[in-house]
Structure formats: C-alpha cells, structure tokens
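Note that chain A is present in both complexes that follow, paired respectively with chain B and with chain C.
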Partner chain A sequence: MIAILIATALVFAISGTFAALLLVAERYLVNYGRCEIDINASQRTLSVKGGESLLSSLMAEGVFVPSACGGRGTCAYCKVKVAAGAGPLAPTEAPLLSEDEIRDNVRISCQVKVRNDVRIEIPPELFAIKRFVGTVEALRDLTHDIKELRIALVDPPEIDFVPGQYIQLEVPSYGGGRGEVYRAYSMSNPPSEARHVETIIRLVPEGICTTWVFQHLRVGDAVALTGPYGEFRLSDSPREMVWIAGGSGMAPFWSILRHMIENDIRRKCTYFFGAVAKRDLFLIDELGRLAEELDWFTFVPALSSPAAEDNWDGEQGLITEVVARHLSDGAEMEGYLCGSPGMIDAAIDVLHKKSITDNRIFYDKFA
Partner chain B sequence: MILAEAVQSDGGFAMQMLVILVTAGLTENILLTRFLGMCPFLSVSRELRSAAGMGLAVVFVTTGTCFLNSVLYWYVLKPLAAYHVPIESLKLILFIVVIAAFVQLMEMLIERISIGLYFALGIFLPLITVNCAILGASLFMVNKQYGPAASLFYGLGAGGGWMLAIVLMAGIRHRLAKAKIPAGLEGPGITLVIAGIMAMAFIIFQGMVKV
Partner chain C sequence: MKEMPAEDALRRKMQPGAISGGGFLGSDARSLQEILDTDAAAIAALGLTHLQVAERLGEIVRAAMAAQGAPAEVAAGLQAVYCEARGRVPCPWSDGMFEKGQVEITDTRTGETLLCTPLSVHMIAAHGFYQGRGSHYRIEPGRLPRMLALPGE
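This part shows the complex of A and B:
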C-alpha cells in the first residue's frame, strides 16, 4: 500500500516539477516582448506581440497577405520582402524560394517568426484587401459532395473584385481546441453582384473547413472572410481561350463567364469540365443552354468513369485526354486552369504538347 | 584486444570511460546492432545536411537524458526499492517524462540562444521525443548498471554511434541517387537492405570487447 502511494507521489512530483519548469521557461524564454513591424518605409507601423509568425501577426493587424494553405508552409503565396530583422532563412523556406528571391530578401512569411523589430515591403494593393463579415444567405447542394455557399455581405457591404479572384473563409474553432483557420475559395459570382460572395465548396474527408461548411454552417449564420486575392483573371489579349476545370474548379469560370456575358465580351472560348460520373456534374443545364445561345462559347463536359445507369453519350476519359482529342493547334490560344494540383500539372503538360507556352497558361494552385 | 584488457585489468577511470564510449558507439551501435531509432534513420537520411542535424540532435539528447535518468535512477528510484516500490516499471514512465521535458526545454533554449543552431538542429528535436533509441539508451544504461558518469559517456557514445550510422547512410544514399535500383526496391526497401549490410560490418566487432 505504502509502495503504491510512494510511486504515485513520485510520478506526480517529477511530472509536476517538469511541468512547472516548462511553464517558467515558456514565460521567460519564449517571451519576445512587443515588436514593431514597419511596412513600406513607415507607411504603416504595427506593434505586435513577438513570438508569432509574421503572417499571423500581419493578419491580426488587418494586413491580409494572401495564403492559400493557411500557414503550413506549402503554398508559397505569403511571400513578403523582409528588408531587416527576419533572421536566417529557415530550412522550411528554402525549397519554396528561387535564388533571385533569396537574394532580394523575399521570405515565406508564415515561416518567419517575429522575434524583434522587422521592416517589410509589400505590394500596396494588399492594403486594399479587407475583412468582411456577412451572413449565409443560401447553402445549396450542387452534387452529393459539392455545395454552393452564398454569403450576403454586411460589413463592409460591398466587395470590389476581378472575376477569377478568390477569398479566404475564416473557419472559427469548432469541436476541438484549434484556433481559427483560413481556407481559400474562388468566387463564383460575377463582380456585378458586389453585395454577395458565392463559392463552390467540395467536401474533403476530414477537411477542417469543408467539414465545418457541410456539418455546422446553417443559413443565417454569421461568417467572416478576407479578400479579394489572386492574379488569376482574363488577360487583355483577344486570343481564343481553353478553360479546363474539374469539380469545384468550376467556380472562377462560372464567375468569368457571367461577367463576359454581362459586359458583352465575345472572346472565343471552349470550356472543358471534368467529373467522375453523372452524379458529380452540376450547372450542366445552365452551361449547356449558354453554349447554345452564345456563338463564341463551347461547353464540353466529360466523365472519367460514368456509372452504367448514367446513359452517358458525351465525352469520356480524363479531362486532359478529352482536351488532347479536341484541340488541334494551340499556338494562338491561352489556357486557363482551375482544379486539383494533380489536374493542373497534367493539364499544363497537355497544353504544352498543343504548343501553348507557359506565359499563356494561367492558374491558381491551391495546395 | 587492447580494449578488452583495459576493461579486465580495471584500468584508470579515463580508460574505462573511453571503452564505454567506443563500445556504445561502434560494437554495440544502437541503430545497427539493436535496430532502434529506425524511423528517422530511414526518413531523414536522404540528405547529408539534415542527417547530420538529426544526428547531432540525437547525440545531444541521449547524452543529456542518459545522465539525468541515471541520476534519477540511482539517487531517487534505487533508494525507494527498499519500500517495495516497483522501480522497474516506474522507471519506464519517468524516463519518458524526463526525455519529453528535456527535449521541450532544450528546444526553447536553443531557439532563444541561436537561431542558426535552432535551424540546424532544433527543428529535429520535437521529432525525436518519441525516438525509441533515446529511451533505449536510458534503459540499457540501467541494465549495465552504469553510474551517472559512465552513463554520460554511454549516452554520448550511443548518440554518436547513431549519428555515425545515419551520416554514413546519407552518404551512401547520396550515391544511390545515380544508381539503377530495381523498381520494387526503391526508397525504404533498398535502404533497409543497405542497413542490413552495414549492420554486419558493425556486428563483426562485437566479440572484441566485453563490458
């Protein structure tokens, strides 16, 4: 009996001592005090609590540097030029930066910890990115695992964006102790609907954000988002276009197409849309009707493995194979892509084979 | 032979420590003869730089934790055995607690002291909290009944041996990049085969020293 008590007390005493030691260490070793972030030669200065990543410090102060992966150091979107105070390059940054960028002091801001005062330079248009609060106006099933989320903006009430750009949805912490996370989604509504943000979201098993949207979010709930971000948009040239999308990659094209119709931009384009089976297709009737009405727009939906009961007589195969079959010579064309990283890589290969050069291929890759 | 005699003839303290160090590192290499700490050995040995960083982190942690655990064992646990406290099972729990806390503390300390060192070695620290080689070294040292001083050298030797093995492996894998490997053996497969061959080279020396 005594032995059990001694053993328990010992484990308690030793674990307790170490826990106390760690708390003390955290209090004094990880405490970096207040640090100043100087943006664009004192155009704006922020005073933040040291010890956090540069990206989250900036976000907390309302400077919205784009980030698609949510600070995990994979998307390399949150590049920021740090003129002073960043410390040595972390091993997690090096693979994401080119030699020129390293020479120019460009850093991956989610991997840089603010340990002292820093001086950074960011494109001034990033100041235009705002945080919006809105309410869920509609949450509609497009397929069994894809939903359309329509948000009515409240404060500020309007968003000014270019079709093809994306927003980042702020996912509050739910079930479990993690803090909020951000996930990037392209807007699917045209800019003329400035009081709304519409996105197309596909359920990712175990995904933090998509699980929240599919299981927790209800019509009428308040949501927050930041944006607009991204360089994906129509070019100024009159060249014929090839659009390639899969699944929820539909979103930016649905925005661009409606924007083109509203503004009477009659640029010839062929839209290849890939899905697995008929149950994964959506907006097909609308797009089919538009393709009949508009002489400059062609729509080619394709299924990679249609189910027996689908009675599918359209295109079959991976979307990249369908593109390869349809396209003869792309030398005077431009490619626009949206989908999974794998699909984008495969599509780039196909477009190269059709002699579309890299400077005429446009995409945003969300990892 | 010289080593073996030194131990048998109960040579000076320095000589004893040297023998423990060399034995732990080479003839009883914790990775290649005990096959402990295989996961980081397989995954971090692709590149020499990170292999060396990981190796240094292991050296650092085994040395520190072997010493701390030895003090804990001889001056706290051992006296309690008289009260029928089950120190054999208790040591397992407490050693792990010590290792986890030590690694956490060191990570914070290194990050504060030197960012350069932190990037070279510190980022590997959280990865090795649960490395079985670290706990293994602490448990073997108890089996061998080493006191705190001997444990310090034993930890240094065991960690150093682990580092030697992973650095050697990184060097081999660097060359492997240009070799033609049967498709089915690529990656971990060929690495395990090589580890086996390396292990034979290390095990050969086992008869030389009896400690």
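This part shows the complex of A and C:
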C-alpha cells in the first residue's frame, strides 16, 4: 500500500516537473515570431508578437475586448469568435462556454495563445473602445454605501460616448492582491462633460473593486479605464418613457437626463427611483428641483421599508408596486430599466401588464 | 498530507484578490479536503445533506431577491435582506457564474445573522463547500438548523 502511494506521488511529482519545464520552455525559449490577427475579414489586421494570449495581444494593439478578471480565465467576459488559428479548446475554456458557443467557434480570448496567424470576429463597436488614464478629481459620499467618483481625463483628454454607456475601471493590485481586474460602471455625467468620467459606485461586501474605491482610492490618484461600452441608450422615438432604477442604477439616468436638458430633448418621462429607507436616497434635492422646473419630467422616489424616524410621507412599497399603481395604459410608452436581474424581471412583468411590449423595453441588467 | 496539484490550483483561486476581495478560505490553514470532510461530517451529524441545506438556502435567497432590498419574512422569526451588486462572480471550480450581491439572514428573536450569496448556495450544493473558517461568508454547519429553520437542532 505504501509502495503504491509512493509510486503515485512520484508519478505526480515527475509529471508536475515536466509540465512546469514545458511552461518555462514555452515562455522563455520558444519563439513564435510575429503572428497576424485578422479581425472581421480584414477590417483590421494586427501584427503581434506570438506567444501571448489573444486578449492581451489585442489589448496591446488598442483593441479592448471586455474583461473583468484581467485575463485569469474566470469571468468569461472576453469571448471572441475565432474562425481559424486558435488551436484546440483549452480545459480552462470548456466550462465557460455553452455547446452552441463551442459549435460557433467562440473562445475565451484570455485562454487562447497566439502561436500562429489567427482570424477572429468581434463586434465592430469594440474598435471605438479606448484606454484612458486620468486623475481622481472627486470622491464624495452619496449615501452610507454609495460614492460618486469623478475622474479628470488626462490621456486621451476626452471621451466620446452616448448617455447610457459604461466604462470598465481598471483596479490595480493592492493589499497583496494578485493583479489587475476590471469592473463595469455606467457613466453618470452627460457627454458634454467629455473631459471627465463620473460614476456611481455602491460598496459590495468583499468586492475587489469597491473595497479599493472605498478604502484605498484618494483624490489625486491616477486611474485607468477603458470604454465606452454598451447598448443601453434612449431610442430615437418621441414616445413617453418610464424609467425604473434604484441605488447605483441611477447612474445612466443621471447622464441621460442631463443630456436631455442640455439638448432640449423634451420627451415626457417619469423616473421611479426605489430605495429601502431614507438613508439610501441620494440626489433627491437635485431631481426634485428638476421635476419642478421641467414640465416633461416627473420624479417619483419610493421607499420599500422606511425607518420610523424617516417620517416618510412619499410613495411606499417595492418600486415595481409603485410603478404598477402609477401607470395606467403604457401602450404608447417605452420602459427603461437599470438594476439587478430580479428587479428588472419584476419590472418587465409590470410593464407587460401595462401593455408595454418587449420591443419597447430597454434595460441594463446588473449581471 | 501534501495537497495534490489540482487542489493547489483550486486553493489559488480561493485566495483573496483572485475572485473576491476576501477569498473563500479566511484564516483556515487546513487543506481543502480536510475542510470539506469536516463540514460533511458535521452536516451528516445533523441528519442533513448538502442538497437539503442548499435548497433551503436557495429558497431564502430567492425570497430575499424578490423583495428587492426590503426585509423578507422567510420563516417565523427569520428575515432576509438582499443587497444587490453589479456583475457576476465565477465559482472557483469553474463550473458557473453567479450574480453578485449578498443576503443577510437575521433571527429577529436573537439578532443573530448569517450571510450568504448565490455563489455560496451553489458551492454547498455542488461541492459541499461552506468556505474556510474566518471567511466572510463561512457558514458553520452547526448554525444551520437554527438560522434556516431546518430540522436537526
């Protein structure tokens, strides 16, 4: 029995040693030379040093495929269709891909090594993504667990985006952590403020990024981000709108609303903002003032569980219940939602019951 | 006993900063297998299974999520509150992605609380993993009958 255990351990040790030697050899001895990455049938062609991951090769050439985990093969955000040249599926990729995706040659780009010429397909809007370096200009508390982060852009000095889009904030290693990660946040400033990026960030217990923002980030610190990403935006129609969000879900609507005001877009809209108690509300004075000034904008804050000391005489209940009470016929309306999948699914149910069809419901689901 | 390479790789993913800020092992110096075996024995001693625990925890998590941040009464004297967060988090076993956000379960009679996440529920169901001692989301098996209103106390 002991002999079997020793033999097994020996086999593992020898295999492990050979695997390590192979990795070292590949990293330092093997030279794949220059490889070509053909993107979208030669819409763009990159010449890169072979041997690096597809994700990092693309990033090095200014093509920013979304990633949350910084290339560690855990987030599955960096999916890319690879028509040729990627080699067999890595064991680390298979669990992150559906059977349909595997059949369609979708790959986890941080797990694909560029060893020869590769042909890939990516959404063309990714070509507009840039990496920005900036400085923290302001970091202010909005509530007990929500901060507003305002970044002054340095290089490049301006960002061009559509209100509703998001950026990916680059989180450096800190406190003994293991390398960069990226986290998505909707921009809350209007596009006219092109020299800044503003976001609304809620503290996530044990969160890598929010712990960094809440405990380590200071005014004056350098930060990096990529963007703009995302399809969430106002439609071109003149239809009346209902907006539903809570907490940091306010961010895209704060951007959209200020953009509408600056550009005299007088589309009638009602913004339902849900929170648990009064301490979770923010920007209430600003939004209340705008609702008084603008005849096309109505603001309805609602608390689902106000504390006794809140002395709340506004709307009460889940935000979806409040919407159901207020909305009568939504047949000619559009719905815009931002928040957790659970809230969005519940809100979509309500909007359906008010005759707002799926093609007129737009959302940014947190997951 | 020295950890085998596969467990080594799993432990690395469970370290602080790899997937979550605090990681999944806390200050626990035991091997992963020891953590799993000890908790499995504790669950069995309570007359429970991992699946039973995960099902009940999953019910509570879903009820809390449906309440959109307001307290949800999930049993007599038991309340659950969901705190949402943007994004998904992968399981260290690389077998799924799960919504971020946490659920705080409170025994309103004693004030005792228990924290969990959608990922916690999955790791219990699929791997019998209750996280290492000292981890933010560690669930001590002995607390379960009381905090989840499960038989076994």
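Methods note: the second predicted complex is superposed on the first by the 260 of 367 C-alpha atoms of A that agree within 3 Å, B and C clash if a C-alpha of one lies under 4 Å from a C-alpha of the other, contacts with A are read in each partner's own complex, and residues count from 1 in each chain.
In this section, a residue touches a chain if its C-beta (ideal position, glycine included) is under 8 Å from a C-beta of that chain, and two chains touch if they have at least 3 such contacts.
None of the values given here were measured: they were computed from a predicted structure.
Chemist: If we overlay the two complexes on their shared chain A, which of chain B and chain C does A:G87 touch? Say first, second, both or neither.
Modeler: In the superposition, A:G87 touches chain B alone.
Chemist: Determine, for the superposed model, which of the two partners chain B and chain C contacts more residues of chain A.
Modeler: Chain A has more residues touched by C than by the other partner.
Chemist: Which partner does A:V30 reach: the first (chain B), the second (chain C), both, or neither?
Modeler: Touch partner of A:V30: chain B, not chain C.
Chemist: Is A:I6 touching the first partner chain B, the second partner chain C, both, or neither of them?
Modeler: First partner only.
Chemist: Is A:T298 touching the first partner chain B, the second partner chain C, both, or neither of them?
Modeler: A:T298 sits against neither chain B nor chain C.
Chemist: In the overlay, answer first, second, both or neither for which of chain B and chain C A:N105 touches.
Modeler: A:N105: touches no partner chain.
Chemist: Which partner chains sit in contact with A:F18 here, chain B, chain C, both or neither? Use first/second/both/neither.
Modeler: first
Chemist: A:P95 contacts which: chain B (first), chain C (second), both, neither?
Modeler: A:P95 sits against chain C, while chain B stays out of touch.
Chemist: Please indicate which partner A:S248 is in contact with in the superposed arrangement: first for chain B, second for chain C, both, or neither.
Modeler: A:S248 sits against chain C, while chain B stays out of touch.
Chemist: Looking at chain A, which of its residues have contacts with both chain B and chain C?
Modeler: The overlap between the chain B and chain C interfaces on chain A comprises residues 92.
Chemist: Which residues of chain C touch chain A once you look at their complex with the stated criterion?
Modeler: 2, 4-5, 13, 15-22, 65-71, 82-88, 90, 94-97, 99-102, 115, 136-137
Chemist: For chain B, which residues count as touching chain A in their complex?
Modeler: Per the stated touch rule, the residues are 50, 72, 76, 80, 83-86, 90, 93-94, 97-98, 100-101, 104-105, 108-109, 111-112, 115-116, 119, 123.
Chemist: Quick one: which bits of chain A touch chain B in the complex? Just the residue numbers, please.
Modeler: 2-3, 6-7, 10-11, 14-15, 18-19, 21-22, 25-26, 29-30, 87-92, 115
Chemist: Give the list of chain A residues in touch with chain C in this complex.
Modeler: For chain A paired with chain C, touching residues are 9, 12, 16, 68-69, 72-76, 92, 95-96, 173, 175-179, 183-185, 202, 204-208, 211, 246-248, 274-276, 280, 304-305, 318-320, 339-343, 346, 366-367.
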